[in-house]
Each structure stands twice: as structure tokens, then as C-alpha cells.
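Paired with chain B in one complex and with chain C in the other, chain A is shared by the two complexes that follow.
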Partner chain A sequence: MRKRIKLLAGLAVLIITAGLLLSGCGGKDTGAKAGGDKEPYKIGAVIDISGPSSSLGIPERNTLQMLTEKINAAGGINGHPLELTILDNKSDETEAVLAVKKLIDQQKVLAVIGCSSSGPSMAMIDTVQKEKVPMISLAAASKIVEPVQERQWVFKTAQSDIVVVNRLAGYLKEKGLNKIAFLYMNNAYGDGGRIAFTAAAEPAGLQIVTEEKFEATDVDMTPQLTRVKASGAQAVVIWAIPPSASIVTKNFKDLGLSIPLLHSHGVGNQNFIDLAQGAADGVILPIGKLTVTGQIPDSDPQKEVLATYIDEYSKKYNSSPNSFGGYAWDAFYLLINAIEKAGPDRAAIRDQLEKTENYIGVSGVFNMSATDHNGLKEDSMVNVKIEGGQWKLLE
Partner chain B sequence: MDKNIVFRAAAIIIFLVLPLLVKSNYLLGILIIIGLYTIIVIGLGILMGYAGQVSFGHAAFFGLGAYSVAVLSTAYRWPTFAALLAAVVVPGLLAALIGRPTLKLKELYLVLATLAFGILVHIFFNEAREITGGPSGLTGIPYLSLGGLVFDRDIKFYYLVWSTVLLISLGVNNLIHSRVGRALRAIRESEHAAETSGIDTASLKLQAFVFSAVLAGLAGGLYAYYVTFISPSPFGFHTSVLFVLMAVVGGLGTFWGPLLGTGLVVALGEILRWAVPLAIPGAGGEYQIIFFGVILVVIMIVKPEGLGSIIKFSKKSVEKGVR
Partner chain C sequence: MVDLSSQLLQLLFSGLTLGSIYALIALALVTTFNITGVLNLAQGEFVALGALLAASLFAAGLPLPLVFILTVAGVAILGGLVERSAIYPARGASSMTLIIITIGLSISLRGLALLVWGTDPLLLPAFSSGGPILIGGAAINPQSLWIFGLTAVTLAMLFAFFELTYLGKAVRACEINRTAARLVGINPGAMSLLAFAGSGAIGAAAGIFIAPLTLATYDMGFMLGVKGFVAAVIGGMNNVGGAVLGGFILGVLEIYSAGLVSSGLKDAVALLVLLAVLLIRPEGLVGVIAGRKV
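So, the complex of A and B:
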């Protein structure tokens, strides 16, 4: 009996110390060593690979791994091989903080990419600001990079809510639709949309006649839509992601509402159309150009990079890329371009990121500045309409 | 000399010297998180191990502490120490308020009531936008400052958190060897017998509940000052379950249990973070849950009293040997 107890005690102590020591080394390195004996450049990524935001994180991880291999096969950055460490934060904020500390302390990375969603991204900011490490978030909320004077080291590649809102407001104004019903899912994404849309509505001359919310797990939004019907709205704007976004769209059709239905870019994947079971036809939304690459004119500066991304991603992973992976593509190349110019120096990399001009990426054409750490404008998106289960570019 | 004192003295020396050896903010970060969770699990250990009441709602008290600090130190510009006091008082008051009716319930019904309370508070964090910032959370929490000392670096925070753990452990150790501790243990063994012996069981259970809520609130307040950003998601049901897991794995009603249980669960999470993708490419954190499940089952089978009981047991046998 006592032997077994001692054994157990030993085992417990061993596991704890092993945890502390082992987690100190290692991590997942991708990409083979490229040619040359030069010191590798290390960068890190904290991605929501599992947990509620995993549908965002997985294409992002795939994209980053694919690009690291590509860079190293082409000889690395100025002859230095690139070493990328990707850590999973399980869509959790505390985990994200620990993961980014690990990347900075143990891996001594030059810069960090991540996270996929806004909460974990926000949680990492204090650490990167204190340690003075450049960070490029892949999440939407504009307060990740604002106010810029408190976020000197933080950049992001996803379009801010305000870009999407301005496109929606522009469309509504153009069509003369002034009375708007706004529906949103009750989480950080929906809430961010609500704040941005409410702020933009009045200057654009739009009146929000009713505001309704639903939970991400709700299976029936008929009550909310009934109130919308009674409100006399001329158009409905919904800020949500599937599956709830699909369900509310289905309910909308079932109730026989005939006013225009606008969604946010959160529904910009095939999943939304499939889950809505035909009800998605007629939905209008602003979206990154990736989804309609085949339809945008050849004169569009992004056309080439979009086609390259689709080609490379689908060859490697046998599935189509989506805009989330596109955020990772842009974060990766923004960083590589900056490192190329700055060398292995965190402060210089930050300065170069801020000076980014006319970088043509998957999500748009980036022009960063000391007051704008996102660098995307309304022209980074297009309005599309879903017709017959397909995305159709609107003029 | 008492073996126990040697053990504890060694632990204190390790605590003092460790940061000088590791010199890594990552390891300090893990140790800080372990420390914060240990504070909560100590309280939960008293509630579950001594008073015999299970709570699946302690993430709510943790969150209430964190939100008290976040709201009061940003929107109301309270001095950071005053906000930390509020992080202790608010969950304590709420626990006192709900404790009276809730603790009349027994076993599964009590579990359900605490679970419901946890979910209610989580909904409040999400919905009370004007106060809590809703699902987007609250940013701009200042660093904790005590009389000119600003806790802005991990190493300072490490000493703060672990000094707190130390003080609480010693306080709790004295408590459980007092009349109150014996009375609590009597309640765990048999509430009826305790009552017939003249112990005010209702009042003691309430006190244990409030005390554990106060500790969870304190940890929450410190968490907010450490991460400087909070949103509702770390304070959900999942976290409550994690706390119970830590308490049970560590061993209820033992001195070392909270530290061992928390250390094991957090350290294991960090190992699995990189070990799982190495073993199964493409696998994410969901596989970790399987490992946690396996550990819980193994410990419940092999050592149902938890890891903490190992040290206690060997101490006794050593004493016997000396005698």
C-alpha cells in the first residue's frame, strides 16, 4: 500500500514538474529548414483551433502552415529560414494569454499572429504591449486596434465592423430604404455589429425602428421577426453567423416577409446557404472579394492574389479557402514583408508594419498609418446577392 | 521536529526562490494562474471537503470579483485597492443572500441550484451591457497599485498572488484545526448527528459558503488586474466544472490538495497543448478534455481521497515510525 502511494506521489510530482519544464521547450514547428546556414527567423501564432471559434481557426492554421512551407521552399526570408510555431488557445482568453507568453518567452518570436476571435485577441494585447512584440490579429472588432496610441504594437487584417456597416448603410441609402429593423446574435460578434451599426445609422439618415436579438443556440426566431413585421420596417439587417443566421433567414421566408434582407459578412460561407435550405436566396451582404473571385473584373488589383490563394489552398487541402484563411494570408505576408525590410528587430518590424502601403492582399488593399492599424477601406468589400444558392456580384 | 513544518518551510523557500530561477514570464504566467485558481480551490475545498456542500457555481463568484474590479476601477475610477476590496465584498454579500435558501437544499438539488446561479450570473455578464460591456467585455483595467507599488510585471504579480495563497493556506489551516473546523467536519460526516450535538449547521454551512465565495471573488479581482481585459467567457459553466475537478483531483479536506490539484490540471493542460498536435496532427484542444476525463476516473479509482491525501498519509506513517 505504502509503495503504491509513494509511486503515485512521485508520479504526480513528476507530471507537474514535467509540465512546467516541457511546456518550456518544444511547440509545434512547421516547415522544413530552408537552405543556408543562417539563423532562422521565428514567428508565432495563437489560433482558435478548437472550441467555439474553431471554424475560423482551422482554415487560418492551414493557410499559415501552407505559406511557411512555401516561403522556406523558396529560400526563406533574405536567406533565413522561417520557423513558425502555432499554438491553440481553445477559443479561451486565459489560454491565449499563456500561449502568447510562451511564444514570446520560450520561442523568442519576432512577432505574433492571432487570435482568430476578438475576446482572445483583446486578452493578449496587454502582454504584447508590455513586451513590445508586434501582433497581428485576425479578428473583426475595431477596438483591438483602437485607440491606436494604446495599441502601438497591435495590427489587424480583418475588416473592422465599421467598413461593413458603411457598405450596408450606403446600399440602404441608395435604395431609399430608411426604416431599418436590426437583428443580431447575442455575443461579441453581434454586439460589435450592433454598436457599429447604431453609431453609423443616424449620420446616414437611417432610422432603426426595432432592435431584436437572439442567442447563438436559438432554434426559432419567429417571435423577433413577428415584431419586425409589425414595426413597419422597410428592410432588415441581421448581424449573425450560422447556424443561427441560417435559421433566422429561414424563419424570415416562412413568415412571408417580402422586404429586403441584408446580412453581415459573418454569413460569407457555403455553410450559411446550405443550412438555410433554399431560404438564403435574395439575401444581400457585403463580403470580401474571395467568394466572388470569378466574377470580379480582371482590372481589379486583387484578382491575381485571390486566384493564387484559391489555387494553392485547394490543391493542398482539397477544399475551398474562405475569408478567414484570407486574414491569415494577409497577416503572414504583411509580417514577412516587414521582416524582409526590418530584419530580426521587433521595433523595426513594428515600424515597417505601420508604414505598409498598397499591400495587395486577399482581404483588400492595405494602407496602414500611425492612426490606422487595419488599413482597409470600403473598397475591400463588394456587395453580393445570393441567387439559386450562388453568390452573385452586385454592382 | 514535525515533518509537516519541514514540508511547509521547503514550500515557502521554493516559492521565494522559484522566480529567480525560471526568469520566464511564461512560466511565471502559468504559476500565477495556478496561484489564482488555488485560492478558489482552497475555498471550494472547505465548502466541499469540510461542510460537504458541492458548488457548480463558483465561476460566477470568480467572475463577480473580476467584474467588480473592472467596473469600479474603469467607469468609476476607484483606487485599485478599494476596487479589490469590493471584489471580495460583492461576491461575499451575494453568497450570503443566496446561501440561506440554497443551502437548505441537499445533494443533487443543491448542485442544481448552484449550477443555475452560475448560469444566471453568466447571463447577467452578457446582458447588462451598460455595466459589464456585454459580450465584448471591458478593456483598460489599470494595474493594481498598493501604496506606490504598481503590479505591472509578472514577477511582482507572482509574489503578490503566492503571498496571498500562503496567507490563506495558513489561515485556513488554523481554521480547520479550531472548533469551527471540527464542527464543519462533523457536518460532513453526519448533519443530523452534528445538529444533535448542538452545532448550528445552517449557520456554519452558510459561513463556509460565503468564505469560499469571498476567496473566489478575491481571485477574480486579481485575475482582472493581471489580464487587464475581461469578457464573460472565462466565467461560464465550464470554469465551474474545472474548479470542482481541481478540488476533487487534489483531494478534499487536505492541506496540499488545492495546490496539487490545480497544479496538475493547469500543467497538464499546458503539456497537452503542444503534445497533442505532435501525436495527432490536426487535433485541437477538444482532445484535452478526454485526458482530463481519464485522469479524473483514474484518480477516483486509485486514490478517491485525491492527491493531497498522499502527503498527509505519509506524514502520519513517518510520525508512527519516529515514535
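So, the complex of A and C:
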């Protein structure tokens, strides 16, 4: 009996303390409390830690955890410790919405980072727009932040399709390659690339002589490539991710095609080179600078942050970081910079994010505006060529 | 620019390669179906498991021939286990129930492969080094020749088994009349076990041979299983030769429609052919020509 009373009393104390803490957090304290411990700033992240997109989500989670520790070790944001809650959406749209609602309703977070891939990111938009919570996505599709008037609260750090397309078109034009064969995988990623590339081709004076698609599960793209061979194309652009991107590259080499082969940033990881078993040599693609940090000139404004990221990440996790983790790095610092200026106020944080100017990050130099919630231009990427299984900077 | 004849030849090579992959799966399906009366829709998963297991064993440093033997034996044992645990206890059930069981098996095996190997594709190198062989302006990958070879060897071995061995005759007796076979002392349960182990072995061998071309992923089995089934129906469910023919017809048709008409048409053609065969010749192309030998 006495034990039970003790337990109840303990529970009551706990509930009251929790209540006090929560109400304190909901208030708009700008950190002006005199001395002592300031209450923590809470932010949330919804990441694809398990499921098909886990290869994106895991480096992102690692990066966010690493940076939170770093910020808190350095005294937090204006003296307030940072409290980051990371939830796993299992690469699923429904789970993502549930997770973001939980973060907003229960944790009362100031802002949300996520998700890793385009589908779950799109799914969360409705909720954050309605609840008026700033969100920074780590995914590629430009639809996530466009049209901006319906995406007031949404930002993203990964380069949009259009940035990649413009780089590809620029390269082809410069080399005088006008007749292009375009191959894409039949899913949201490939289709996004097709729409963007078709739109950019004509103004750049490029003629798409044949357009072919393949399924993500296809095991042989020889028929599509045979049509490419017959079309008289001067170069091939492929919009796909491994493994099908590797298979089509292998088929390309097997058929003895010798015209230039260009890929999208979807193949920007070592996996693509390994799976293509040597056939990837000669492939040209635009990619974030992180992959070729050692080769970019010291004068590049991003050089320092890239080196810092690689150094800190590989020390902590014993593996090299990749561009996906880089998206998380940028989302984190964009948010921290905004909170530093705006204090714990969601609307003010949103306004600060939109005003971001010249933030030098891993993915590029960000310049946000009321019409651009991505803030990256073509200079955030470089063209690389794969040689001997290594990425080699072209320019 | 390439001329039409070398383009057609190129597509034919591709079609035959794809066709022999389908043919191998159809062979295993038809063999099991004829012995046990069960249409094993988990056949594609045996292919996936073979490819994945072989890729892991090879990555662990074992030589390729040993990898082949271990993988085929491993998946054959798994096929036997599956039969004992899921098919045998339900042997009295209707064939529809048994088919549903194999669908369940397919989903569980895929889940198991996902847990063990994850979602990243695995790699198995080509058996023979060197680039593609050029014939008449068209290129053929040496691995395709290996796959043709495997199809021929498998077909020959199955033929020899059914026609020349005592065990093969016992199996065929079960196929023709279960009750009569039991009366003369043949155990249909043991034959069913043998059929599943055998189709596991064929599936694993197919998986190992195609992995250098297709890479090994946990979800590669489903689509292959479906195409193998279509090939078996085209050829006739009761004929091993028909299964091979069906596989080749399906593969070549798919590639020609993708290469000459439109790349979006590939899977539609497979289903159209399936429908046409079911409507016009439900017994399959070879069903009547070969008849049922007794």
C-alpha cells in the first residue's frame, strides 16, 4: 500500500514537472532569463532511416546527431541547449505524416528537418503548411518547394532537377553535341528528369532524337540502346539510379557504343561504379563538390566547409561522408543560423530562412528568396568524369 | 547509324538471352507442376536466393565452382525444407489452396532475403573475362552463351532423368496416376520432396548464371517468376520442351516489341501473348503436338 502511494506521488511530481517544462517551451522566451540553465530549443527530424531509402537516411541521421553534439558542446544556441528528436519514417509517406504530427503536437518543435526522399517530403507539406512550422527537406524534386506561394513554410537543401539539367545542357552545347538520345527509368525520378530535360533542350538548341524508357527492374536495356544506335544520336543522357543505371551503362559498353554517355546526379555514389564493373569509365555527370573535394581549387569558397565535414564525419564514424549527409549538414546549419537570429518563434524562423544569403554549405552557396526556397544555382555542382573507377573533376 | 539487319540480329541475341532465363524458370515450374500438381509461384524467389547466396559466398572469397555447388545444394535443401514445412502438411488440400500457399511462401522468402541481404544490389563477376563477341555487326555478351549452355544442359538432364532413370519413371508414374503409383509401391510424398528440391536447384543455378548480367537483388525473383509462368503457359504446362520454347518465344517477342515498336510496350506484349494463347490454345503451343506420352 505504502509503495503504491509513493509511486503515485512520484508520478504526480513527474507529470507536474513535465507540464511546467512543456508550457515553458511553448512560450516565447527569447533567452533573456537571468543566468542559470536556459530551457532547450527543440527541433525535430523525420528521416528515412530504414526501408528502401535507408542508404540516404543513415548518413543524414549520423550527420544530424554529430552536429547536435557539436553545437551543445560549444554552449548551444545563444546559450540555449539544442534538443533534436529524430524519428524514422521507414521510407513511407504515411509514417512520415504521423511522425511530423507527433513532433509538432507532442514535442512542440520549432522546425522540422526531412525527409530524405521526395515522396515522404511531399507527404509532410500539407501538415507543416497548416500548422505553420518551418520544414527543410533533404530531397531532390523541385515540386517540394514549388510553387512557392503554396509552400511558404517549406525549404530544401538538395539541388533541384533543373540545376542538373542546365549543367548537362551547357556541357552538350559547349561540346557541339546537338542530337541527343534521352533514356530514363520509368518512375518519379526518371519522369522528373525527362520533363526537366525536355523543357531545357529546346532553348539550349538541343534536339532529342530518341526518347526511351526502361523499368527499374529491367535486366537488359539492349533494345533501347539498339534504337539509340539507329537514331544517329551524338550523345546519350540517362536519368536513372543504380542498379538499373549500372546495367544500362554495362549494356552501352557491350554494344560498343562510343558516343559520350552522360548521367544524372542519381548515380553519384560508389555503388554505381562498383555495380557497372568497369563499364562506368568515361561516364560524365554533374555532382556536388563533396565527392571531389581533393581536386577543387583552394580558391573555391566551399573548400573549407567540405574539408571540415569530411574530417569531422570520418573521425566520428570511420567512413567517408556523402552528398546526402551533406544535405543534412546544410539543413541543420541553415536552421541553427535562423534560430540564432529569430529566437524560438516559428514565423520569425521562417522569415530568417527565406532571407538566407551567402550561406556557404556542403551542397553549395545558398541564396534563398521569396521566390526560391532552394537557393542553389548551377555553380553548386561540378562536372566529373569517371576514370579508372575514380571521380575526376572536369573543368 | 546501323543497318536494319544487324539491328534485328542484335535484338535477336538479346531476346534469346532473356528467353533462356525465362525458359529455365519455366522448366522448373513445369517439372514441379507435373509431379506434384502444385503451381509453385515462389519459383522466382529460388532464383533470387541463388543469386544472392552466390554473390555473398563469392564475396567471402570462395572460388566460383565451389560457390556454384554450395549455392545449388543450399537452395535445393531450402526447397526441400519448404516442401516439408508448407506443402506436405497441406497435401490433401485443393490445388487452389496450394497455389495460395506458394504465394505466401514467395512473400516470406522475399522478406527473409530482405532481412539477410538488405536492399543494396550485390555483384557476381562474369564467368569468362573479355568483352562482347561481335557477330555480323551485333554484339553478344559471353555470359549469354553461358546461360544458353545452362538451359541446354538442364533440358538434357531433365530429359535423361525422366526417360532413362528408374527414379524418373517413378516420378512420371506419380504424374500420370497418383493412386496407381502408390499401389505399385511409389511414395508420392517423396516424389514431391524431390520435385521441390530439384526446382530449388534449377532456380539457384539460373540465379547464379544470370547474376553477372542482372545483379542480385532481394526483389528480382517476383518478375522473373511471373515471366517464367507466362512462358510455361505459352509452351504448355505439361511439356518440358514446350516450356523452353515458350521462354524463347516470350523473350524474343518482348525484345523485338521494345526494340522495334516502343520501349513501353514490352510487358504489355507478354500479357497479350498470354491472353491470346489462353483463348486460342489453352493447352499451350506444344500441348497437343507432343501429347501425353504414357
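As a working rule, the second predicted complex is superposed on the first by the 359 of 395 C-alpha atoms of A that agree within 3 Å, B and C clash if a C-alpha of one lies under 4 Å from a C-alpha of the other, contacts with A are read in each partner's own complex, and residues count from 1 in each chain.
In the analysis below, a residue touches a chain if its C-beta (ideal position, glycine included) is under 8 Å from a C-beta of that chain, and two chains touch if they have at least 3 such contacts.
Since this is a predicted model, take the numbers as computed values, not measurements.
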According to the stated criteria, A:114 is in contact with first (chain B), second (chain C), both, or neither; which is it? neither
Can A:125 be said to touch chain B (first), chain C (second), both, or neither? first
Pick one for A:192: touches chain B only (first), chain C only (second), both, or neither. first
Output check: A:54 vs chain B and chain C. Expected answer is one of first, second, both, neither. What do you get? both
Once the shared chain is lined up, is A:229 touching chain B (first), chain C (second), both, or neither of them? second
Determine, under the contact definition given at the top, whether A:286 touches first (chain B), second (chain C), both, or neither. neither
Of chain B and chain C, which one touches more residues of chain A? B
Applying the document's definition of touch, where does A:81 land relative to chain B and chain C: first, second, both, or neither? neither
Touching partner for A:106 - first (chain B), second (chain C), both, neither: first
Both chain B and chain C touch chain A at residues 54, 186
Going by the contact rule at the top, pick out the chain A residues touching chain B in the complex. 2, 4-6, 8-9, 12, 15-16, 18-20, 22-24, 26-28, 49-51, 54, 57-58, 87-88, 90-95, 97-99, 101-102, 104-106, 118-119, 122-123, 125-127, 130-131, 141, 143, 150, 186-188, 190-192, 195
Chain A touches which residues of chain C in the complex? 1-2, 7, 10-11, 13-14, 17-18, 21, 119-121, 123, 125-126, 131-132, 134, 139, 141, 210, 213-215, 217, 219-220, 223, 255-256, 258-259, 263-264, 266-267
For the complex, give me every residue of chain B touching chain A. 24-27, 29-30, 33, 126-127, 129, 134-137, 139-140, 152-154, 227-231, 233-234, 260, 263-264, 266-271, 273-275, 277-278, 284-288, 302-303, 307, 310-311, 313-314, 317
What residues of chain A sit close enough to touch chain C in their complex? 52, 54-55, 186, 212-215, 217, 219-220, 222-224, 226-227, 229-230, 232, 242-243, 246-247, 253-256, 271, 274-275, 277
